[in-house]
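Both complexes below contain chain A, partnered by chain B and then by chain C.
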Partner chain A sequence: MAERYSRQERFAPIGKEGQALLAEKHVLIVGAGALGSANAEMLARAGIGRITIIDRDYIEWSNLARQQLYTEEDAASSRAKAKAAEARLKAINSTINVEGIAEEFDPENAELLLKDVDILIDGTDNFNTRFIINDAACKYKIPWIYGGCVKSDGISLSILPGQTPCLQCLIDQLPQDIETCETAGIIGPAVQVTAAYQTAECLKFLTGHSMSTHLVSFDVWGRQYSSIDVVKLKDPHCASCSDDAQFPYLKKEKGIRTAVLCGRNTVQVRPGRKENVNLERLAQRIEPFAGEARVNEVLLRFHMEEKRFVVFKDGRTLIHGVEDVQEAKKLYHRYVEA
Partner chain B sequence: MNKILLFAGLQEKAGKAELQLEAVNKSIKEVKELLKDSYQLEEIDTSMAAVNEEYANGDFVVKEGDTIAFIPPVSGG
Partner chain C sequence: MNIQLNGRSIDLPDNVTTVLELLDSYDIKKKISVVEHNKEIIRRFDYEKAKLADGDKIEIVHFVGGG
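Our next item is the complex of A and B:
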């Protein structure tokens, strides 16, 4: 087994010392979609001692073209991404600790999740979650690596709270009407190049090297590339990373919360506090009306009123086939909460 | 004359990755307005600008021969 990391150790900037450091580190990956999968696989193979991967979604057939940790069987059984990722990563490297968490990364669990974490990798597909990551990372002084990709384009930036500009310094408002993988499409190479920049930065940081202050942006199909030093963008009055930061995205909301998953014709509904839903019992209750209701390790899915429902154990529910938040809330009250 | 490079979503909207524009003595803010009017590039407001691969803010004034890149945030993953 001493052979396992020999080639990586031969790479001078890492060496045996660097490899020993990697074995002691803990990486949190938020999102287990395309970027999360690609980063997680590279980091598991590289011998990071502990990997935690959190994701709120489950595997669908449209994921398989680029989300490398998953199989047809996972899509057929609508397996939770976090659970399938955990199993696959453990099969790739049984000598490291891997934990998959089938939840949403949110202001409630951020503090606990960031405890003992050395660095966070962004594998999300939306700016709402990225701004929560950014605030949490700034508050607890954890470096994180932004990555985004759509079509054949990708972008990445390392953020070292207190030292380099944060996402809030870079973008002072939530970008609206942005292209998503669902609406504009995406190809695997864009994922792989973006993840490669993220993982390389992560390995640099974990082995004691400085991360880049450049934002890298590229089009892997059109062969466009740009690397821009953004260090001057650090805002001394930033709401997220300055000395008088208020961390606007960590404010906890009360009551039922909803989020429109852009481009997916889906609304997510969450109860005011996390519950422990008995999925089997809910399935039995719903089955006479819904026809087939299926339960797997972490979720229940069924059809009703031409909508597709996916209910997670903590009560969080995805309703596909609806874009109106009020309608989604009504459906949630009618079938899930009752 | 100046070369303008458009990245990601801006590229598709404008129908090209690169264009020539007379932007000498204009600020980045003015260049953004100009592009917004000529190519309906609304997203340019939330895009970052770089002149000759260095970050440039809205007040930066463009010189002859400068290459200006506009990079919108990318969200997918």
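Our next item is the complex of A and C:
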């Protein structure tokens, strides 16, 4: 077992001391899609003492081309990404602590999730969640590493709250009409390079080195690379990271909330407060009307009115085949909440 | 005129004379970007004023959201 990290210890900037530090650290990975999977696997192999990975989604066939932790069996059974990731990471490294949480990262659970965390890795696929991460990280002074990729392009930035510019300093509004992996496509190499930058920065931070203040981007297909030092862009009046920060994305909404998952023809509906839904009972109730009602460890899926429903234990529901929020709410009331 | 764009030598058409026109010519005017012009970061509202000259070094990074 002492052999396990010998090559990484041989790498001078880490050494035996750095390796011992890694074993004491806790990394939170938000999102277990392509970037989350790639980061998680590298960090688990590198011997990070504790990894928590949270994800709101389940595995589909279209994920397998690039989301490296998952198998055909996972897609066939619509397994929750967080649970499948946890199992795979434990199989990769049984000497570390791994916990997968099948929930959404949101203003309600952010504080609890960031407790005792040394650094957060962005494995999300949308800016809504990234701005929640950014506010939470700024509020609780947890460093985080932004990563994004689409097509053959990728980008990354390390953010040290209070010291380097945060996402809000660089982007003062939520980007609209942005290309997603669903609409513009994505190739595995773009994921791997982005995750490589993120994990490298993470290892640097955890072993006591300073992270880069450069925003790095590349096109792995067109062989373009660019790097800009953005340290001067720190905004002294930033709504998220300045002394008088308001943390606009941490404001808790009341009542039923919806989110359109862009490019996926899917709406997510969430109850006003989390409640434990008895999935077996719900399955029995809708079974007579619904096609293929199936329950696994964390979710229930069924077909109804030519829509595909996926209901998680906490009541959060994904409705595929609908883009209109009002229609999604109606369907939710009719079949899930009733 | 010839500039260095993200480390590559590029010949610009005559109608591209500012950073804004440069972004437009690559169809990324609407995307949120960080632009560095001869090692100085240019603010978004200054893109139109930033005149390009032969031999300028430009770095453009635009944000992407997938993952």
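Side notes on the structure shown:
In this section, the second predicted complex is superposed on the first by the 338 of 338 C-alpha atoms of A that agree within 3 Å, B and C clash if a C-alpha of one lies under 4 Å from a C-alpha of the other, contacts with A are read in each partner's own complex, and residues count from 1 in each chain.
Methods note: contacts are C-beta pairs under 8 Å (C-beta built on N, C-alpha and C of every residue); 3 or more make two chains touch, one makes a residue touch a chain.
Predicted, not measured: the structure shown is a model, and the values here were computed from it.
Once the two complexes are overlaid on the shared chain, A:L215 sits against chain B and chain C alike.
Contact with both chain B and chain C is seen for A:N126 once the two complexes are overlaid on the shared chain.
Contact with neither chain B nor chain C is seen for A:P161 once the two complexes are overlaid on the shared chain. Using the contact criterion defined above for the overlaid structures, shared-chain residue A:L35 touches chain B and also reaches chain C.
When the two structures are aligned on the shared chain, A:I178 is found in touch with chain B and with chain C.
When the two complexes are superposed on chain A, the residues of chain A that touch both chain B and chain C are 31, 33-36, 122-127, 130, 147-150, 153-155, 170-171, 175, 177-181, 184, 186, 194, 215, 217, 224, 226-228, 230, 232-233. Here chain A touches chain B in the complex through residues 31, 33-36, 122-127, 130, 147-151, 153-155, 170-171, 173, 175-181, 184, 186, 194, 215, 217, 219, 222, 224, 226-230, 232-233, going by the rule given at the top. By the touch rule above, chain A contacts chain C in their complex via residues 31, 33-36, 122-127, 130, 147-150, 153-155, 170-171, 175, 177-181, 184, 186, 191, 194, 215-217, 224-228, 230, 232-233. Within the complex formed with chain A, the chain C residues making contact are 6-8, 30-32, 34, 36, 41, 59-67.
Chain B meets chain A in the complex at residues 5, 7-9, 11-12, 17, 42-43, 46, 48, 50, 53-55, 69, 71-77.
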